[in-house]
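Here it is, the structure in full.
A, B, C and D label the chains in the order they appear, each numbered from 1.
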Amino acid sequence: MDLTSFLVQALIGLYKGSLYWILALGLVLIFGVVRVINFAHAAFYVTGSYLMYTFYTYTSNFIVSLIIAMIITGALGAIVEITIIRRVYKLETIYQLLATFGVALIANEAQKLIWGKGVVYISIPETLSRGVNLGGITINYYMALIVVTGLLLFIATIVFMNYTITGLRTRAVWRDPVMSEALGINTRLIYTLVFFTGTALAGLGGALTVPLISVGPGLADYLIVTAFIIVVIAGLGSITGAYIVAILVGVFSSILVLIVPELDIVILYIIAALILLFRPHGLFGER
Amino acid sequence: MYMLRRLRALIDGNIIALLLLIGLLGLISFTGHRFYMYIATLIMIFGIFAMGYNILFGYAGLLSFGHGLFFGVGAYSVALFTLNVYRDPLVGVLFSIPIALLTSIIVGILTLKHGRVYFAILTLALSMIFWSALIKLRWLTGGSDGLVGIPKRGVLVDLSAPTVFYYFTLVFFAAIMLGLYMLNKSRYGLLLRALGTNEDRLPFLGYSTFTLRMIALTISGVVSALAGALYAVFYSVVTPDVAYWTFGAEPLVMSLIGGSSYFLGPLVGAIIFVSLTTTVARFAEYWMLLLGAALIAMILFFRGGLLGFLESLAGRFKLGVYLRWRF
Amino acid sequence: MSVDRRDFIKILGAGAAGLVVGAVLGWATKPSEVQEITRTVTVTTPGVVERRLPKATVKIGVLGIRSGLWSTYGEFIEQGARLATEEINARGGILGSRVELVFRDEQADVVKQARELVDVENVDFIVGIDSSGNALRVGGIVDELGKIVIVTHAATHRLTEELVFKEGKKLIFRSSVPVYQDGILAAYIAKDLPVRKWAGINGDYEFGRVSWELFTKTLKTLRPDVEFVTAHWPKFGTEDFTPFISALLASDAEALHTSIWAIELVTLQRQLTAMGGYKKFKAVISTLGYSMDVVYALGAGYPTAELGTWVSARYMWLYPPTKINREFVDRFKARWGRLPAYSAETTYSAIYMLKAALENAVSLDPDAVVKALEGLVILTPAGVRWIRPEDHQAVYETPYGRITHKGAEVPLLEDLKAVPAMLYYRHPPFT
Amino acid sequence: MEILRVENITKRFGRFVAVDNVSFTISKGETVAIIGPNGAGKTTLVNVITKKLEPDGGRVFFDGIDITRLPPQKISRLGLIRTFQVVNLFPVLKVRENLALAGLRAGTTGEVESVAEILGIKRYLDKRLVEVPLGVQKLVELGISLLLKPKMLILDEPVAGLGAEDRFNMVKVLLELKKSLNLIVIEHDMDVVFTLVDRIIVMDKGRIIADGKPENIRENKLVKEIYLGGE
């Protein structure tokens, strides 16, 4: 195993980790503030992919399609929050989980009704489809764009949370919803906004990946597992933790593919279980 | 006189309902209608699974996402035992009990020390490891295709006639249900309910919550594994899907549908779940959509499950409440 | 009712084809098996005129994946089944009985669905089934179902080798070629390519594992000089193959074998292209690369390797160049607006297999129909199918070909390479 | 002869020292009250002794055994029983079942009825705990403790939240109990404290500031200043 291929594998891992992070970000945000484990998160992600496909096919404008896909997904999220999720906040976690699970089931089938059963994807925009050649492996600029977007989203979230009024309000709700309410913060609005933002981020992530992967109805079922592993290992609700763990999982599993192709996925599960056995609150969990 | 009092203390709405159900299940075999018998067998197997699950969930208050593991352990024990050691389904099913016992204790040691949220996550992680192992250990488990040819006709018993297998399942079902009923009435039943209600207080009464949780997990694990064992013999085939977490979440949904705080809740839930999925699956492609909608409707409107709904009706009409196990 | 001219010609054709197969067999196998063949020829004799089935309607249950990521495959099965049924009914049904179809989602507990089809819908036969696990599950209880099940897609060799041949579950048949196509035949293609170092990427489940095992084993015997440098095992439902691809590209392999299929194959091919895989690999063998969902999805962007992207499927619309196949493709296109996918053909032919067997047995009794199906030789769009009596596997040939772009509606194939089925099918007693 | 010895117990919450190097000894037959203003560390001290909380330093001996490292259920089984400030039982279980939990553990199931009789809660036995008045709940809590066959009973504010009549009942029962076992009460109600106990330990800011007979404590200047004076 020479050094170049090892490094390339790590680089690929960085890109995969960034994708995981974009997928996990909304999940963490929603869990952190709203305290709901959103099972339908990946379904929104895939919805973003489908919307991107549709708008890009019609407009051929990458940026515009991206924004529209993001906003519509967020709006769908907000609608779900207002009609369903809002009514389960006060219930036990398991009911919240099942409610979002129900949403995921409906979303999956709705995608099939709207976009059919076939495979859907778009091409990488011309300028970004070129790339650099590292030891026979082409890493295109679009992959680099994903890594940069992931990092920007991380920085933006941290800045937003710590240095803006809305962010501070959100953090207040994050810490103590009852007290925040007493201080006159409209927690209801914050919850809806956070749900909108979280699902819009899912939509953005989904939209960004259509040029890279292919999309079919029910793809979400396979994505959500990885997202959960990351969020749980990181410690539920930790934003920085989720970023670091997502990148680590990406890089680590990528390198595992290279050195122990026989075992990669089991090893990941075992490591996750070991981490949880010794640090049940996750690597970056607070409590 | 004392015996009579003991006996009277044992009789309540639950046991009457249970005996009626067992009788009804017995009657179905006389119709000779194979599909009804098939559905009834599924109800019994999933009824056992859900009731076993609810020992942990409804009684001890521990949410497990990894019960596919126990179901899978039961199913694979029967398969491996009958195919490699001794070709008999009855011995195979009984063999799964000690294996399940051992598994439960190991799982318990690994998961019960931490809080409830982490129990849920850890059981999920363990069941996923088990699932991957079933796929990876191909020489032993047949990989993703699983193990085929689990015999219904064995050295000791021959269950190949549908009616015979039906009675075989019914005997296990009745024995397990009555056993759980006695457990519910016994001191352990009381302790497990106390555990689910206020586990932090029990140490100050001199009870080790770890031990109590371990007892609950062991009973739950063994009962779930028995369901898996029967399932494997029933289908003659076992594949890793039974250990996947979504399969393990089914008894949870059943418990909630029926009402997890009622003794018979999971069983009622199993009846509804099996019938419902059978019915909606006829709408061919959109059954998942309907399932999702049904789930949301249940959570928004019938949170106590069907039994909870009935109880609130009974309360409204001032009818006595017979089903609630807490009484 | 009388046998019409067209049918008669078809039967004659089938008989002739049966003789050809018989001759091949006689050349390639033991004398005992030749005897079996002579029996099959007699099958095609047109019978007496007054022949009717005991029921006015023959009901066939159709199982396929109808929900989730692979639901398009259930759709293929449905299209094939519908087309065959419409044709048969338009021409007077089977011995005067109409054919009726009942569809069910095999993802909603396949055994439950099969039971319901038999016990509630009272179907006489079951066809379809996409997933290997589901096929084995139904196979496990087939004797309790008491109905013939013709599997038209699931590829596990264990269905026919273990359940039918070893355990004697005589009610199971399969109209589609199993994993032999992905493992053994792929090796026959690979042996003629001027490359020595192979890499593999196959699914981390039995189908993928067995494909690669058969491929490496066969190729090693055919070409002792080859090397297998690396093998990768993405799990079921992998949405992104980049780490696997970079690991593959880091090896010194010259060619790639994959049995990845459906949506995952689309992603794999696109990412392989994007990461420079087609600059590195001189040849790519994609065993299910000519599945129509993949062909349509990749379209003009279907990558071609220097020595060819060799693809196959369980049937391909452009082979064989027979009249019956051309007409089938035309009718299918007219009916569904698309070229037929392989499981559409295998299901279509499964129903014609049933028709032929019923016309011969003149009975719905499963044992009689099993007898009629065993050794049946029938001309179908995919070519002549011979139902091997020992394991109930339909024996027919589907070639591999190189992807080429000629401005047609879909990518086409050139250099079609067919290998006699007798060479690449495994044979009883499967040791 | 001593029954409980607390040596240099310290408990911190972050930077806040809740119990600061506390030591005392209680002899067999003594009835002791621990008093002090809110936040003095009384309940924390009891929590550390009964291992609801882990101490940060120090040791505890009960009946000659070092219980510092024992889990709460072992301590309970040694006969050191406590109650909680807020009723902390099993609300959905019946009163009888609540009592039976203790009976089952200590082999005193047969005494459930008689204990209920003594406490005057017999008519509530078949009601769920949530359905009975707070006073009865407190008595159930006490009944459970008695059924556990305690050698020493630590009561955390046994009369808090009770009405006059319930309070009178409770004190009557406690006066009866102190004859046969060691009692420690944490209490704010000085009338109750002075009628009940032989000795008072006064805590403030995590430390013991006075320890002695009730009459001495009443006269203690420091105590008056920070505690009694405030009343």
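In this text, a contact is a pair of C-beta atoms (placed from the backbone, for glycine too) under 8 Å apart; a residue touches a chain by one contact, two chains touch by 3 or more.
What you see is a predicted model; the values in this text were computed from it and never measured.
> Return the chains common to the contact lists of chain B and chain C.
A
> Of the pairs B-D and A-B, which shows more C-beta pairs in contact?
By the number of C-beta pairs in contact, the winner is A-B.
> If you average the CA coordinates per chain, which chain's centre is most distant from that of chain C?
The chain farthest from chain C, judged by C-alpha centres, is D.
> Which chain, with its centre taken as the mean C-alpha position, is closest to the global C-alpha centre?
B
> Averaging only over C-alpha atoms, locate the centres of chain B and chain D and give their separation in whole Å.
43
> Could you give the separation in Å between the centres of chain A and chain B, each centre being the mean of its C-alpha atoms?
34
> Measure off the straight-line distance from the CA centroid of chain A to the CA centroid of chain C, and report it in whole Å.
Once rounded, the distance between the two centres reads 39 Å.
> Counting only Cα atoms for the centres, state how far chain C is from chain D in Å.
Chain C and chain D have C-alpha centres separated by 78 Å.
> What are the residues of chain B that contact at least two other chains?
Counting only residues that touch two or more other chains, chain B contributes 285, 288.
> Can you tell me which residues of chain A touch two or more of the remaining chains?
108-109, 112, 262, 265
> I'd like to see which chains touch which, written out pair by pair.
After working through each pair, the chains in contact turn out to be A-B, A-C, B-C, B-D.
> Spell out the part of chain C that touches chain A in their complex, as residue ranges.
Against chain A, the touching part of chain C is residues 67-72, 75, 204, 230-233, 235, 237-240, 242-247, 249-250, 262-264, 266-267, 270-271, 274-276, 279-280, 293-294, 296-297, 301.
> Along chain B, where are the residues that touch chain A in the complex?
Contact set of chain B toward chain A: 63, 110, 114-115, 117-118, 121-122, 125-126, 128-129, 132-133, 136, 252-253, 256, 285-286, 288-289, 291-296, 299-300, 303.
> Contact residues on chain B for chain D in the complex?
187, 190-191, 193-194, 197-198, 200-209, 326
> In the complex, go through chain A and note every residue touching chain B.
Its residues touching chain B are 84, 87-88, 91, 93-95, 98-99, 101-106, 108-110, 112-113, 232, 236, 262-263, 265-266, 269-270, 272-273, 276-277, 280-281.
> For a test of understanding, state which residues of chain C touch chain B in their complex under the given definition.
Of all residues in chain C, those touching chain B are 66-68, 71, 74, 103-105, 108-109, 111-113, 115-116, 118-120, 132-133, 136-137, 139-141, 144, 156, 158, 162-163, 167, 204-207, 209, 236.
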